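In the two complexes that follow, chain A is the common piece, with chain B as its partner first and chain C second.
Showing the complex of A and B:
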């Protein structure tokens, strides 16, 4: 069969990805090891070695953004997984109104994160938001959801959980539906209780879906900027500034492109390192599920 | 008895989560119908009970503020629509090639190529954003529809290829083979035979790409500033200009979430059946 035809079908995709993903990637890499200047309107990049990276190591604001990003990712993904698992298990039961619940539960992940951030900004407002109003009515003191440096990050996490638990539900439910009912029936016939069926049958069989869900969601969560941009702008102080937000501020607001590129690239290494670590940690679970 | 209790708990949790999901959306929609005082004087919840709804903000954004609103809304439609069209077209073409031909690029076979394409989605966008900003500045593509469309095609292609590869590997090849035997070219077989067969999946892919492009923020923030601004940017800018004027921005946000909600309801069949291939 004519091979060139197949290549022709692939060409647009490969060209676009080379032009808008691979080339910019290498371009940013060059910037991270160089200096960007505009001479008479012409762009010039001079390679200067690892100077930008030396600056990064001593940049307290970078380390803060790194820790904030890691905290947001681990906390949100952990809660999203537990909630998503619980809700997917319940949605997998034969109950009335299943379709209604499934579709409703998916809604948040389809909405623009900017709109979601704005919704939650209104909800969490100190004086005019329903959250503090409920607390006041119940006789508790109010909380500075977005203004208290000790709380603001958790408000971001809360919003992220609201928006992205649906993603976990979607994937875990697909995984649960792939488990043959016979396995579960067989375990029950053998006298296993509900809990035992879950721990010894369902959970291990669900491992591939769990791993995929956690991995995909974490990779996405590392990119977080929109919710933070509109809810706190990185504040109060810098307690909610993520790596993407810091890279954006340095690269395009302060227009220090080379250092912005360095910060962005550090995020790439963080994602890469976390992925490798994750695959290393789950290798056992993945092997078991293959057998 | 035990199963009755279990059912009760199931419904209790499901209904609670439904309320959690719907309340913020309800809050946003009702806020767009509130008078200024009803916003400022603490939270008011139920329309007609706690406050008297007004449509004046909606009237305003469609009359006095129409020019500011209509451009970003149309921009979003154009950019998301055209980019998703090409993302699903190129994506399904690649998926077709990967499921019908055997490739070998150096050490990479078909599965490796598919993985390579899909993994492009994992790269944090801020990394490419800075370089794309400079590329567009040099080529005068900043703040143009064309530039943003290109970026969104690249942004959605991995997803489109992944979903379509799954669908295309499931459909029987005998029909297109019959067409090929009858003298159709590969291109004819693809566009006349395969595309009509997978049209429902293809439209689902298109709509999903549309939602992601419609919602995208970071690239639009960096690559546009006035003429090509999209809805999310309009909301963010209005928010920073107007501060506590919740009613207008709530109306804009409601408008921005309507198309995705409509699409989700339209695609429910796919979500319930499982659109995303797992453990394959």
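Showing the complex of A and C:
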């Protein structure tokens, strides 16, 4: 078969892919630089330059949402990685009931975020939730898990950690199982302690899995909306309002489509920039692991 | 043999007759599409009455639903992009200006005039004359009557021992029901944090929706209306009807927001994160002495299987204030009696028809069937329909309410509170202008900041006023002013 014939067969797939990915992308981009109106039975986008972006720069609520998002992402992904690594190391050992624990630890990841949000909202309820009931029985005061502006964001992070640590376990466990036992045995024969084996052998060899897990989880965490929407609606005040939730409120609740698109695109740029920075910072680790 | 021929002929004629003249059913072969939110609430009456209508008319009803957040975008895009996916749309009355103003909805005046079944005069005037009209024409039929009313625990407020203690502490008799927000504040403080119903657990003063991205702004306007709405002076609640200048940061609104923030000290813990659904269960669980809500707390309290307060709830119109901000004079006006201004928060659900629907007549016929006095009475007295009374006849017949689970006294006082609200001379309709959702969204964020203590009442409302000005400029001041005046029933040029 000639090369051009092969390409011809691929063309429909490429066209469909372009239509499904590039078109919505460009459409949203056009909205972010335009004003949306409905005229004569059609959605009309009038380009207005960078007016929406100028509004974004002076929008205190946008900057607040950006900071909230960055805090949630960094805190939750950091904790998820540490916990995930610890549990993956435990599950990698020959312990009794290993299969049971492996399956149990993965369960939260399989739940819909909406269900997780409702479950934690009930558990963290100020007057009727089991958490505060437990604290009361121990003689402590109650905590406004979702109603105290100083605590609410950590409750969201806690919920995210509960749901997504299993994802880290899954990838890191696969990474750990891919490390040849010979390397570890050789290090032990040379007299390395358990800690040194971890630091100088296991951790570097786990770098590709770690980088993949942190990257994938971070990209997902940047888009957090469902858990927040159910648990706090972005409140109290705006302390848990993420960029996605803000974009949703503006675009779909207030129906300000153009500015909603601008906020969505700003999130895209934030994720893109963070990804590039992450890969830049981890380039050395990737190189070492390859060597 | 002759008998057989005659019978055969008669059967033949009958079959031919059916074939030629049809079954006599008016909308045979017609399928109308109804779009609203998923059942049970709001969609349930459509499911209840569609089979009967289909049997009577031969038509078919196809119900399509979408979650609350997707209703507006899907309706708007169906109209604006010419898709015309739905014949009937059932939506909150506040969206009517957006849809009717853009010419998306069919005027219904002629249908209504020719339809005795709809019993138009039986619908309370505020709904038939204001809520469903735009520019002097009727564009929808009310199917639900929504307004905020005030709830209180009779066993607490009417307890002689507590009344004596209250008077001793505050220097005036405990008013039942309270008629000013100042009295509400004192009562909430008095009943906060101790076991006044003897169940071994502490109760609290009040429960009101404060959750961001929910319905808090309706509670705010319920509290603000009495401070800013002078009888006979339209427009004090939202904008100056002469200039479209926002009045949201007037001293009256600021005072209302200060109350809104202060009363949280006497509220059920975690109230800042509670939506309307949660405050209903909290009140029905017996945790609060007072509440503000639509008719739903009444239903849940009197009918709910797990209600701890059945027969213990009192109902009243929203309290007000003896000092009211006069935006025209720029000063506080003093009243001898409290100025109460009940608020038609949300305004209820209405049913309208896409102007481009090929089945206008069938669509109207189904709406008329759904909203007829008999069927609407069944809707408002059936659990989980989400529909509240809006016809004179809904208030006159207690049998349905008692069958619903209300006690006779509870039914009477509950209906009286709603009727007094709707028929009040100073009743305030909700904001009904294009882009209403944008104005409310901007307010919602600032209310959340003020409630969380991140901004003062004045700072928050100043920010709202600024945002409202920007929205008005973006949408066109002249158009918005015209729409606002229309919504208030004021003349436009």
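Here is the rule we use: the second predicted complex is superposed on the first by the 274 of 291 C-alpha atoms of A that agree within 3 Å, B and C clash if a C-alpha of one lies under 4 Å from a C-alpha of the other, contacts with A are read in each partner's own complex, and residues count from 1 in each chain.
Just so we're on the same page, a contact is a pair of C-beta atoms (placed from the backbone, for glycine too) under 8 Å apart; a residue touches a chain by one contact, two chains touch by 3 or more.
The structure presented is a predicted model; accordingly, all values stated were derived computationally and were not measured.
With both structures placed on the common chain, the touch criterion links A:239 to chain C but leaves chain B unconnected.
When the two structures are aligned on the shared chain, A:61 is found in touch with chain C, with no touch to chain B.
In the superposition on chain A, contact of A:209 is made with chain B only, not with chain C.
By the touch criterion defined above, A:43 reaches both chain B and chain C.
Look at A:229: by the touch rule set out above, it reaches both chain B and chain C.
After overlaying the two complexes on the shared chain, residue contacts for A:144 are found with chain C alone; chain B is out of touch.
One of chain B and chain C touches more residues of chain A, and that partner is B. By the touch criterion defined above, A:253 lies against chain C but remains apart from chain B after alignment on the C-alpha atoms of chain A.
Applying the stated contact rule after C-alpha superposition, one finds that A:127 touches each of chain B and chain C. Common to the chain B and chain C contact sets on chain A are residues 43, 127, 229, 248, 252. By the touch criterion stated above, chain A contacts chain B in their complex at residues 1-3, 5-7, 9-10, 12-14, 16-17, 19-21, 23-25, 27-28, 31, 36, 43, 86-87, 90-91, 93, 95, 99, 101-108, 110-116, 118-120, 122-123, 127-130, 133, 162, 170-171, 173-175, 177-178, 208-209, 212, 219, 222-223, 225-226, 229-230, 243-244, 247-248, 251-252, 257, 260-261, 264-265, 267-268, 271, 275. Within the complex formed with chain A, the chain C residues making contact are 69-70, 72-73, 76-77, 80-82, 102, 211-214, 268-273, 275, 282, 287, 435, 437-438, 440-442, 445, 448-449, 451-454. Chain A meets chain C in the complex at residues 38, 41-43, 61, 125-127, 142, 144, 146-147, 149, 152, 229, 232-239, 241, 245, 248-250, 252-256. Listed in rising order, the residues of chain B touching chain A in the complex are 7, 10-11, 13-14, 17-18, 20-25, 27-28, 31, 39-40, 42-43, 45, 90-91, 93-94, 96-98, 100-101, 103, 113, 117, 120, 122-135, 137-138, 150-151, 153-154, 157, 161, 186-187, 190, 211, 214-215, 217-218, 221-222, 231-232, 235-236, 239, 246, 249-250, 253, 256-257, 260-261, 263-265, 268, 271-272, 274, 276, 278-279.
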